[in-house]
Amino acid sequence: MNAYVGAEKLPVAGDPEREELLRVDNVSLSFGGVKAITDISFDILKGEIRAIIGPNGAGKTSMLNVINGFYHPQEGTITWQGKVRRKMKPYEAASQGIARTFQNVALFKGMTTLDNIMSGRSLKMHKNFFWQLLWRGPAEREEIEHRRKVEDIIDFLEIQAIRKTPVGRLPYGLQKRVELGRALAMEPDLLLLDEPMAGMNLEEKEDMSRFIIDVNQEFGTTIALIEHDMGVVMDLSDRVVVLDYGKKIADGPPEEVQASQAVIDAYLGVSH
Amino acid sequence: MFYREAGQFKTSYEKDQALFPIRQDKIGLGVILLIAFVVIPLTANDFFLASIMIPFLVFSLAAIGLNVLTGFCGQLSLGTGAFMGVGAYAAYKLTTIFPDVNVILLVLTSGIFSAIVGAIFGLPSLRIKGLYLAVTTLAAQFFLEWCFIRIGWLYNYNASGAIEIPTREMLGVVISGAEATPLARYFVVLSITVVIAFLISNVLRGRIGRSWMMIRDMDIAAELMGIRPLQTKLMAFAVSSYICGVAGAMMVFFWLNAAEPSSYSITLSFQILFMVILGGLGSVGGAFMGAAFIWILPIVLRAIPSMLGVDIGAETVEHLAFMVIGALIIFFLIVEPHGFARLWQIAKQKLRVWPFPY
Amino acid sequence: MSTLELDRTDNKKSASAAQDSILRVNNIEVIYDHVILVLKGVSLTVPRGGIVALLGANGAGKTTTLKAVSNLLGAERGEVTKGKILFEGEEVQALSPNDLVRRGCIQVMEGRHCFGHLSIEENLLTGAYTRKDGAAAVKADLEMVYNYFPRLRERRNSQAGYTSGGEQQMCAIGRALMSRPKMILLDEPSMGLAPQLVEEIFEIVKQLNDNEGVSFLLAEQNTNVALRYATYGYILEAGRIVLDGDAKALRENEDVKEFYLGVGGEGRRSFKNVKHYKRRKRWLA
Amino acid sequence: QDSNYVPLLTYRTGPFAGSGIFIANGMNDYLQMLNERDGGIGGVPIEIEECETSYNAQKGVECYESTKGKGALVYNPYSTGITLQLIPKASVDKIPVLSVGYGLSAAAIGNVFPWVFNAPTTYWDGASVVVKYIGEQEGGMENLQGKKIGYIFLDAGFGREPIPLLEQLAETYGFELLQYPVPVAQMQSQSSQWLNVRRDRPDYMVMWGWGAMNPTAIKEAAKIRFPMEKFIGVWWSAGEDDAGAAGQDAAGYKAMNFSGVGTDFPAIQDIKTYLVDTGKTQTDEEMLGTTLYNRGVLNSVIIAEGIRTAQELTGKKVINGEDMRMGLEALNLTEERLAELGLSGFSYPIQITCEDHAGSHPVFIQEWDGERFVKISDWIEPMSDVVRPLLEAAAADYSEKNAPWPERSEACAQ
Amino acid sequence: MLYDIFVDPFVQMYQMPDFFLQVLWEGFVAGILYALIALGFVLIFKASGVFNFAQGIMVVFAGLTLVGLHENGVPAFLALILTIGVMGVLAYGIERVVMRPLVNQPDIILLMATIGLTYFLIGFGELIFGGEPKRMITEELGLPTGSTAFEFGERGLVILQHIDIAAAVIAILMVTALGIFFNKTRIGRALRAVADDHQAALSVGISLNQIWAIVWFAAGLVALATGIMWGARSDVSFALEIIAFKALPVLILGGFTSIPGAIIGGLIIGFGEKIAELYWGGLVGGGIESWFAYIIALIFLLFRPQGLFGEKIIERV
């Protein structure tokens, strides 16, 4: 399993030159009696791909929900771009530059692929209701300007053919891809990906990996990635946090994590 | 063979984003407008204009209004009738306060009042969702109906409790009141409906329309993408109520001539909801199809027995009409839950691949 | 159908074993919404006691095939317009989904589909809805499922809607096991599961297959594992079966290696190094 | 082609069907009987067409629009709501609206409402009769001083119509008027209203109810043990089914009426012979002679006599709406004429004039004895001296609010 | 003004305790009757996620069938049994023609279908039974009709109608029975599963057809009981259908899925609206009953969006 070819890593981990984008300090979250997250701290540096892994129900998705304001932790703080963040509404996270995809695809089912991705640009469009009524003129110009950007994303993700298809009818894998497109359209600083490759076959995972790497390298987008395919995690990520039962059991570069006995016991199982 | 889109390439995003990007559709729309503005006025009799076309257009507009809220923003409302009533009563009050102002202007202004009322009743939508919200919109329905009865000021303390429409002219033609000819009223209603339908289609294909659909399809995801749910929903309530309000005002000014609170009852709300759903949620064209079906079908059904020369009582016809309408509603829902608009699309798709089955 | 020598012989073999097939899908065609043609003549056979894998890219029609078998297409406005599906010699299209479950054919649907408002335990118990063999037997099976998935035992009283994706996936699989089926249609069982659990699931499949003779038809993206446990495989592309054969033979097949297993000439490729987007080679283009 | 066309707007469905069916049958049967027996009126058959409105204003207008083009002579909307819609249209389309004992009270002023007729009497007249009757019971109008009269009404145009008059009378005679509105949606659950009645302990209750409201109210009154003999309904709350729902408990309940009860009239017997016995009608025998059925008959009598008068005045056999209006305006249904029609005593003589479109106004009181209604009073004249000026003021107010209201083309002759 | 709102009503309650008791009783009875209609809604919603708009008309239909049969000479009890049969046939028909083809469709479509069904039943019912109101055969069915008056003090009087007491008893029995049936049996769990996800329920072998037929039949029985009780108070006529709207606030208050919720919601609404109408309604011209219930429900909902006992709406990504 360690026969990866060309898995050289950029030496980012702990690189002091990299700025810290987000830091989670001693966060705990529980629902009634269920402790989803217990006292977790880690950071995400600008420009890195940070993987979050762990067994099922470890609290990974909950962690993303905490980061973008959907859940409010009972304890702990979140520092975003150097500022400690107060309790906030989910829509504020979006305007601060956090975008995400969802574990259970959360596309807008009644809309076409194009509209779904356009919807990612909502925050960037400003023409008011009266311009929209008229359409001709500023509203149309704005729409076209953003449409261009969206078409770039569509080209990038190679989903031209399904541009006008309502997403509800797309197969699962393509839906995941559209969802990525929608998040990309937000031009986020931090992109949270929750199992982007679940339900894909190898070839599709390869495509998806490529997209993720490109986004990271070309646009410099920081990425937090949850994924169960260890191959992907090992190859793509710069650093990995491992959660188990809501607690952090390891944090570090992929090789290190992979070698950790705690991780093997809790997550990878014997065969890895 | 008849319906070929192939070969029509869209060379710019403008063209691709046009309301009717395909040539056949453009021609179709032109033909429909030609029929509406020229052919019908030239050929139709008063009954057709006054009892079929005018109500049909009024209902279409109301259905568009409700469609904005329910079809596009996903907030099910059963209070449409009352919001239409607010428009009607507001327009009536405005005509008594400003007797010299053009009624069309007043009708268009009256929508603002129902927009405000609609937005107020939209407030709970932040917390209450789905069918629960639908039932709470009934609160609006019954409360407003009660206001129309209890607040005498709204109907100028008429002993009858009803509002009656004064005669008003525009450009020397009487357009409201009993003396207005059906033709004049038809033109007014048609113009308002077409203009509003056009404007709202613009909104629906742009940023705002999209934000409504986002809320409809998955409100949590929409919120996580930066849509402010309350603001967006309230806007949908306001815009929808505006359109409904205008439709309600047109209903009394250019169709019924007089209205009682019961004209804006829950029955009306349901009627409009039917139109929206059978026409197709989230489709402006569907609103017209739905309105045509729900308004015209019963009239046709009632006419059938006498046309066939069968002698059955008026009430038996009515009962049968009820049964047939109920059955047809179920039938169409089964055939295509997405309404006539989708049926129409499927038909087009079949035409496109014709003569192959798929 | 296929161009491979190997497969032809295999086809013959399976044809001779046809009498002992638990499921036969015969040249079916499926249309959604009256206009969208998705399956264009798919045939496959699951021998009694076999584990058959259905592989293919996104949108190839795997889920559609499984739903056709369990007769759930109606709820999606899809229909089988041609061909026949026989489960134990009975035509599926004439049976209702619950008849099928009663006869021992159950599906684990793609995308979990747990009952959100029911607790995990209640979810599992709904799986035993059709059973008539008494509360004790059901209870024993419940224990069995909890032993397979200890995580579920911990969350037994939580509403399924609030549990994590993987927990829901376990719940969906466990629910199907609760019906004591003769045949399970598994749609992407490994989706969203942690690596050691993926192995575990397939171990369970194998165990049930060995010990109780349960047959499996599984649609799975994780080709690697699927072909390791399956006895036979079909590859579906754009609604057609393009390749089929013994699992072992498929594992050796160069194309399969290249596109589904990711073990090209020089061993395991890194995801990082996929420099250019690869165009999927289609057998039928 | 040679026929006089009379559309009938009826409702045999909807929440008010319970009352509407009786009316519809009565109206239909008398006209049809004339066709069967006399071959119509003046030798020309009447073409009758029913249009179902379900008591719904929209459908009512639709019925109007769809029938007016066929040469309709007169409209009977049987709904105050629909009447109000038709009033402005009538003068434009030149078709009279006949609202027999309902609709807009002010329409009695023929000078302002040349196209609207509400013979034989108006709600305001009726309300004044109730007060007068109560006064008589109390031994003189002066004894009304300090009394409490409760008014329970259907909260719609119909029920609210008499309120201005009642308020005026309350002021004049010093009684207290307590109002109990019943919303349409609450017609069948009136317990709150009647609890309020129980608390307020009014001396008399007056009811303006219709449809399902009536039986419910009478039952509720019985339930709170309101003395039935002090409970008086308008003529639309005078149906046998209304009181019958409470059976013996309703004994003593009173209602106003202006049309005969029973089948002891030759014309009604003719309906039986020509229609009921031959199965040419939907009416079954028990319905004949009931209050509301007979009301429908009276309605048709007015229509028929209007047509006959018009034929005489114009010399035409087939008349139009304008002729019909002339006919109605000159209608004089004397006692002799009623006798000729086989309806002696069926109604008080009705004379409509140009100024007074409500004809002559007296009504009588009938009482439910537990099984049927019995007439217990003579014809009681309304307080025309109070009512008429109020009607005139209301008519003036109406025309002002609806300015420009079309003037009558030719002023009343007298 | 302030005195009228905040003091006077309570003074009145204190001064006329008998009347207050009577108001409470009327509120109780009204609540029970609303709850009966709501119960029918709950049954179907619980079992399919369908908001059955036709429940109101089913009440009328059941009542009319019963009375209609009796009018045609069928003895009361036989008529009752036949009516139960008719409701069974109706349930089967609805399952077959409406529900089965619409499996797995969005809520609103199913809601619409039940409104379509309402139209159909109105037309059908009127065609067969005619539109005129009919008297409920209360005595023939052996239901008590009289009333008991408790007189105390000089003018103190509280009157209890026997039929209302019967209604309360029947309602409570029915709720208990249904509660046990749906919560303690295997079917109960299956029902909740169906309401969550039609397709998944099919996939685990729950027979939607059978379940729906059972539930619609149960709702039909509830409708029959409701029809008898309402009919005894007023008449059986199509105007009764409007009353079904009164059940909706009860429903949202109690929660769409809770059988006890229907009863408790019904009582809250019943008491609330009677007290409000009688002690405060006069201040704004009366008739507030038509919307007051909705306002109560709305206020409750703002605090608990799923109603008092409804299942929590799951929000998770």
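Chains here go by letter, A, B, C, D and E, matching the order in which they are written, and residues are numbered from 1 within each.
In this section, contacts are C-beta pairs under 8 Å (C-beta built on N, C-alpha and C of every residue); 3 or more make two chains touch, one makes a residue touch a chain.
Here's who's who by UniProt: A = Amino acid/amide ABC transporter ATP-binding protein 1 (HAAT family); B = Amino acid/amide ABC transporter membrane protein 2 (HAAT family); C = Amino acid/amide ABC transporter ATP-binding protein 2 (HAAT family); E = Amino acid/amide ABC transporter membrane protein 1 (HAAT family).
Computed from a prediction, not measured in an experiment: that's the story for all the values here.
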>> Under the document's definition of touching, what chains do chain A and chain D have as common neighbours?
In response: B, E
>> Farthest chain from chain C, going by mean C-alpha coordinates, please.
In response: D
> More C-beta contacts across B-E or across B-D?
Replying inline: B-E
> Between chain B and chain C, what's the gap in Å when you average each chain's C-alpha atoms?
Replying inline: 47
>> Distance between chain C and chain D based on Cα centroids, please, to the nearest Å.
In response: 75
> When the centre of a chain is set as the mean of its C-alpha atoms, what distance in Å lies between chain C and chain E?
Replying inline: 46
>> What's the distance between the Cα centroids of chain A and chain C, rounded to whole Å?
In response: 29
>> Can you list every residue of chain E that touches 2 or more other chains, as numbers and ranges?
In response: 122, 126, 131, 245, 285, 287, 290, 317
> So which stretches of chain A touch two or more other chains?
Replying inline: 61, 70, 102-104, 106
>> I need the residues of chain D touching at least two other chains; which ones are they?
In response: 12-13, 155, 181, 183-185
> Name the touching chain pairs, would you?
Replying inline: A-B, A-C, A-E, B-C, B-D, B-E, C-E, D-E
> Considering the complex alone, what residue numbers of chain E touch chain A?
Replying inline: 317
> Of all residues in chain E, which touch chain D in the complex?
Replying inline: 16, 19, 22-23, 26, 29-30, 33, 122, 126, 130-133, 135, 147, 159, 161, 230, 233-235, 237-240, 242-243, 245-246, 273-274, 277-278, 281-282, 285-287, 289-290
> Residues of chain C touching chain B in their complex?
Replying inline: 31, 33-37
>> Taking the touch rule as given, give the residues of chain A at its contact with chain E in the complex, in rising order.
In response: 61, 65, 70, 102-104, 106
>> Under the stated contact criterion, what part of chain C meets chain E in this complex?
In response: 70, 72, 74-76, 96-98, 100-102, 106-109, 113-118, 122-123, 125-127, 129-130, 159, 161-162, 175-176, 179
